[in-house]
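Have a look at the structure below, then the notes.
Naming follows writing order (A, B, C and D), and every chain is counted from residue 1.
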Amino acid sequence: MDHCVYTDLALEAHSFFREGRRPSLPGVEEENRREDGCAVTRIRIVSQEAAQRLGKAQGCYVTLEAEDLSQEGREGQERVSSLLARELRALMPPPSRTAPVLVIGLGNRSITPDALGPMTVDGVMVSRHILSVMPEGVDARVRSLCALAPGVLGVTGLETAEVIRGVMDRVKPACVVAVDALASRNTHRIGNTFQLTDTGIRPGAGVGNRRMELNRKTLGAPVLALGVPTVVYAMTIVRDAMLAMDRAHDAPSGKSEEEMDQVVSHILPPPLNSLVVTPKDVDQMVRRAAAVLSLGINLWAHDGLSVEEIQDFMH
Amino acid sequence: MDHCVYTDLALEAHSFFREGRRPSLPGVEEENRREDGCAVTRIRIVSQEAAQRLGKAQGCYVTLEAEDLSQEGREGQERVSSLLARELRALMPPPSRTAPVLVIGLGNRSITPDALGPMTVDGVMVSRHILSVMPEGVDARVRSLCALAPGVLGVTGLETAEVIRGVMDRVKPACVVAVDALASRNTHRIGNTFQLTDTGIRPGAGVGNRRMELNRKTLGAPVLALGVPTVVYAMTIVRDAMLAMDRAHDAPSGKSEEEMDQVVSHILPPPLNSLVVTPKDVDQMVRRAAAVLSLGINLWAHDGLSVEEIQDFMH
Amino acid sequence: MDHCVYTDLALEAHSFFREGRRPSLPGVEEENRREDGCAVTRIRIVSQEAAQRLGKAQGCYVTLEAEDLSQEGREGQERVSSLLARELRALMPPPSRTAPVLVIGLGNRSITPDALGPMTVDGVMVSRHILSVMPEGVDARVRSLCALAPGVLGVTGLETAEVIRGVMDRVKPACVVAVDALASRNTHRIGNTFQLTDTGIRPGAGVGNRRMELNRKTLGAPVLALGVPTVVYAMTIVRDAMLAMDRAHDAPSGKSEEEMDQVVSHILPPPLNSLVVTPKDVDQMVRRAAAVLSLGINLWAHDGLSVEEIQDFMH
Amino acid sequence: MDHCVYTDLALEAHSFFREGRRPSLPGVEEENRREDGCAVTRIRIVSQEAAQRLGKAQGCYVTLEAEDLSQEGREGQERVSSLLARELRALMPPPSRTAPVLVIGLGNRSITPDALGPMTVDGVMVSRHILSVMPEGVDARVRSLCALAPGVLGVTGLETAEVIRGVMDRVKPACVVAVDALASRNTHRIGNTFQLTDTGIRPGAGVGNRRMELNRKTLGAPVLALGVPTVVYAMTIVRDAMLAMDRAHDAPSGKSEEEMDQVVSHILPPPLNSLVVTPKDVDQMVRRAAAVLSLGINLWAHDGLSVEEIQDFMH
């Protein structure tokens, strides 16, 4: 991965490589459409070489870009959740009723921009504990869902993957849905863009600098990963600004990466990777994105339940 | 267990049975002393029969009763934490440096009187993740500590014991410290009494009506259980009031338990077990008790570190 | 007021006096009906003598009793808000567009059962600041609303009435809507009963033991008071239990109030008035009640706006 | 004020103007020293012209710069509070015991980087309500302190200055201490720099874009303003990056401000002023800074009380 593509979104990594002189990357297929007020992009990375160039695993990435969720009412947000559920279903249909889905909310509950995962888990309509004891007493559309927020290494002293694998040994889920806060390159995507992928979680940019890989290989079950950018790294926009200024010049400076990094560290003294760009009302933004995600997961899993039925259940 | 002894404290169960006409129970040893402003009671249940009468497992229970922690300053609270650490050490010395201790915070983080366990976990000074990669870089007094708040069944769809056992299979802790909010019979104990026991957690009164048993037999490792009463069940004080009134009569009413329960359910319509007596500022009380507990655990495990050193680390 | 009627609800005070041998109280008119799943009671206290007997000011009290709001979905809660708005309108129509309404959220934000007022204020759709600068740019159905959570004496060092009067001198509101957490006698009313009155706030039971009187006389503008019981004082249910036991006897004990109080203080050692009975999930209960109240106030003031329009605005 | 000096710190505004070719500004006096691990800078703006150039009111500004408070233990933080108290005393001694000090916490409690003021108010040791009824019962070192978090216009519909003036009419304070979250130009100052000034609050950069002026003239009493930068505007670092790149060129681009702004708005699409740079753990940073501020205010006002005595009182 080029050093300066500091993003968890396949969409942005691909767009970065095509920008300027670069043509569309071989080994990458991209489709675009609009639906329900969102730009829907489906990117398929099919060659190992393309995967390496983009710094993303081979597989399918779907991105839903809403305009500005903070301006949408409740209905607009529910529309995004429904679209999310449909796209999740296209990536992976929910398993049969007897096989549980384990939703994992990654991140640190007490660091707001990193709390997306745990907050999403709070909104998941879990059912496994009821279905396992009295399946006949539960509406036939309800599937087996369970959820866990394993915490982060610095707070628990436990590798997240250890906790998840330990729980999976007991629960034997048919698949895992992992939710995490992402880092993006573009501030207008913060809180407004939803990425769905069947490739799992990969150590990358992220908000929490997680170092584990969570995928079918490491966990032994298919892993859907869902994420929303909640930050842009401050470093990213500083670099972008310098590049933009350089390009705007008649004669580019020809500065090396090292020289540019020196300028960056003057403007942003270390620790660089703890400085992020967010909207001031980061609390509300994360709460809103988590609500869209959990409703989307609920609609996907409990196939056929309406938004109203789910909300009545969760109230 | 007699139906109306609705308490998680061995101290109260024992006191209930000795009250009135009952002599000290055979199979129970009780020692009392005062130390550092606390009443310290050590109860040992040594016969199976006594265990059944009291509704508590055989083993050792230590109770520290502070006068009124809300009136103590920081120093007074730290004194209780130090006493707690010493009593924990008497029950079980912290294991060697290479064997991790797993602290489990039971309970529901979003129900204040049940949040004691998760809040205590937040204050634990975890070290396992550092010790496992660079033991030589860490102060020799620091032991291997890790911590988990597994959530509750209704929110996760997962039995707490499943989660804990799954994690233990990976972490192989030398011992488990389980922290839980308790129910007491006496309102003055709320937030002020600390029970330590080597018998683990047992399905009982509790705040969260947990149904799992967590002890050496079910988990395969010794389990220290720590708890603080954060509620008295409303039902308890209503029954106590009726009994008191009855006794105050010249001629006791001779009412049967069923008749009394009818009167109770008139004053407290169901769901009875969700109604609790707490101080109004339950939020502060739980925060304070959790701070005392986590400091106590830290002082116990990281044997030789001072309060100041621990607080600097956690800041 | 009889010493043992420890309630902020006129409904309960009246019912207490009619109970047993007492006939309906002279000077009190009570009407009952059912509407939208709620029992609606309208009590009018018309004589000074009745006011003194009940310990409530002369005026009109409307009580909406829902069955169990925690079991209602979103729709059920919105239905209560709409009913609340209609009953508010019957008590006092919202003033003209140019005269602001000042909503006051009484109570302490960091004591959960006392946070009802501040949390309600957070959900009020304020408009005064926009209407005062560009009235023509605002939907004609939007009235001028502003809101303040003045805090409590122990935290601010300021008498609440001082703060309110100071602000009123500047804002000159046409009327005040004061929201406060109440104490009730009956646990099933906690979180489920809404009292509306045109008599203002009166030093009484309450959750926060406020000592100010807020009414037309002290504030110089009409005061609507809205409240929901969030606690029953532990003392109340203990006394009720003792009375019940006494009555159940063939021969009443003939105990004096003082003798009974001695028994109470044995079961509930002081400080008595800080011990309350609440549901364990007090946080959720208060959040739910505050949401119903603020939506009700919004529907009342912004006459003609739909629930959807208000929620879109507040999102 | 030059458009691109987007800071609330007089220190930074002055440094900006001296940077590069500019000599020390006439009409500005600056003294520097180190004390207790902090760089202490005292800037006095003495001419109207200098005030206009810097975009700051005439008066005295003291800045305490700690290295990195997140790395300090409790003791290090208390040292900064004590230094703060001494510098406050040099700016303005606390008034006599009978004249209250009103502490105002500006900002929005539910927007974390803007919550500094309200969170500081929560830690103020108020005493006015006790002193006014029984002065003889209170330690002679305790002065009369009261505190208010008036909320923000968008949430209350009330101009903050209206609320403050209304309350001041009633309370007649001898002076006002206004606490607000600031914007800085330099990320290393976030959470680590404390500005004290006798000039009051001025509409400026700020976190909350407040528009009121709070000073002796508008409030009728002397106003001490205290603030800590909790954000750097994203726009600021983008502009800085572009300038740095431009300067690093052999030949500056000669771009006009408008041209540069176009590049900015490409990297940061509007709404620009809601995007901020913060550390990821913004919640902890604000909590820490508020604790230092409130302890500093308490030590200043209650002259002679020790840190321990204050903490025991607030526990």
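Everything below uses one rule, namely that a residue touches a chain if its C-beta (ideal position, glycine included) is under 8 Å from a C-beta of that chain, and two chains touch if they have at least 3 such contacts.
Quick caveat, the model's predicted, so the values are computed rather than measured.
*Asks:* Find out how few touching-chain steps suffice to connect chain B with chain D.
*Replies:* 1
*Asks:* Pick out whichever of the two, B-C or A-B, is joined by more C-beta pairs in contact.
*Replies:* Higher C-beta contact count between the two pairs: B-C.
*Asks:* Taking each chain's centre as the mean position of its Cα atoms, how many Å separate chain B from chain C?
*Replies:* Centres of chain B and chain C (C-alpha means) sit 37 Å apart.
*Asks:* Per the centroid of Cα atoms for each chain, what is the distance between chain A and chain C, given in Å?
*Replies:* 44
*Asks:* Please tell me the distance, in whole Å, between the geometric centres of chain A and chain B computed from their C-alpha atoms.
*Replies:* Centres of chain A and chain B (C-alpha means) sit 39 Å apart.
*Asks:* Which chain C residues reach two or more other chains?
*Replies:* In chain C, the residues touching two or more other chains are 110.
*Asks:* In their complex, what parts of chain D are in touch with chain B?
*Replies:* The touching residues are 70, 72-75, 77, 288, 308, 311-312, 315.
*Asks:* Name, in rising order, each residue of chain C that touches chain D in their complex.
*Replies:* Residues 100, 110, 121-122, 126-129, 144-151, 153-159, 162-163, 165-171 of chain C touch chain D in their complex.
*Asks:* Over in the complex, which chain C residues touch chain B? Could you list them?
*Replies:* 110-114, 187-188, 207, 231, 234, 237-242, 244-246, 248-251, 253, 255, 259, 263-264, 266-269, 274-284
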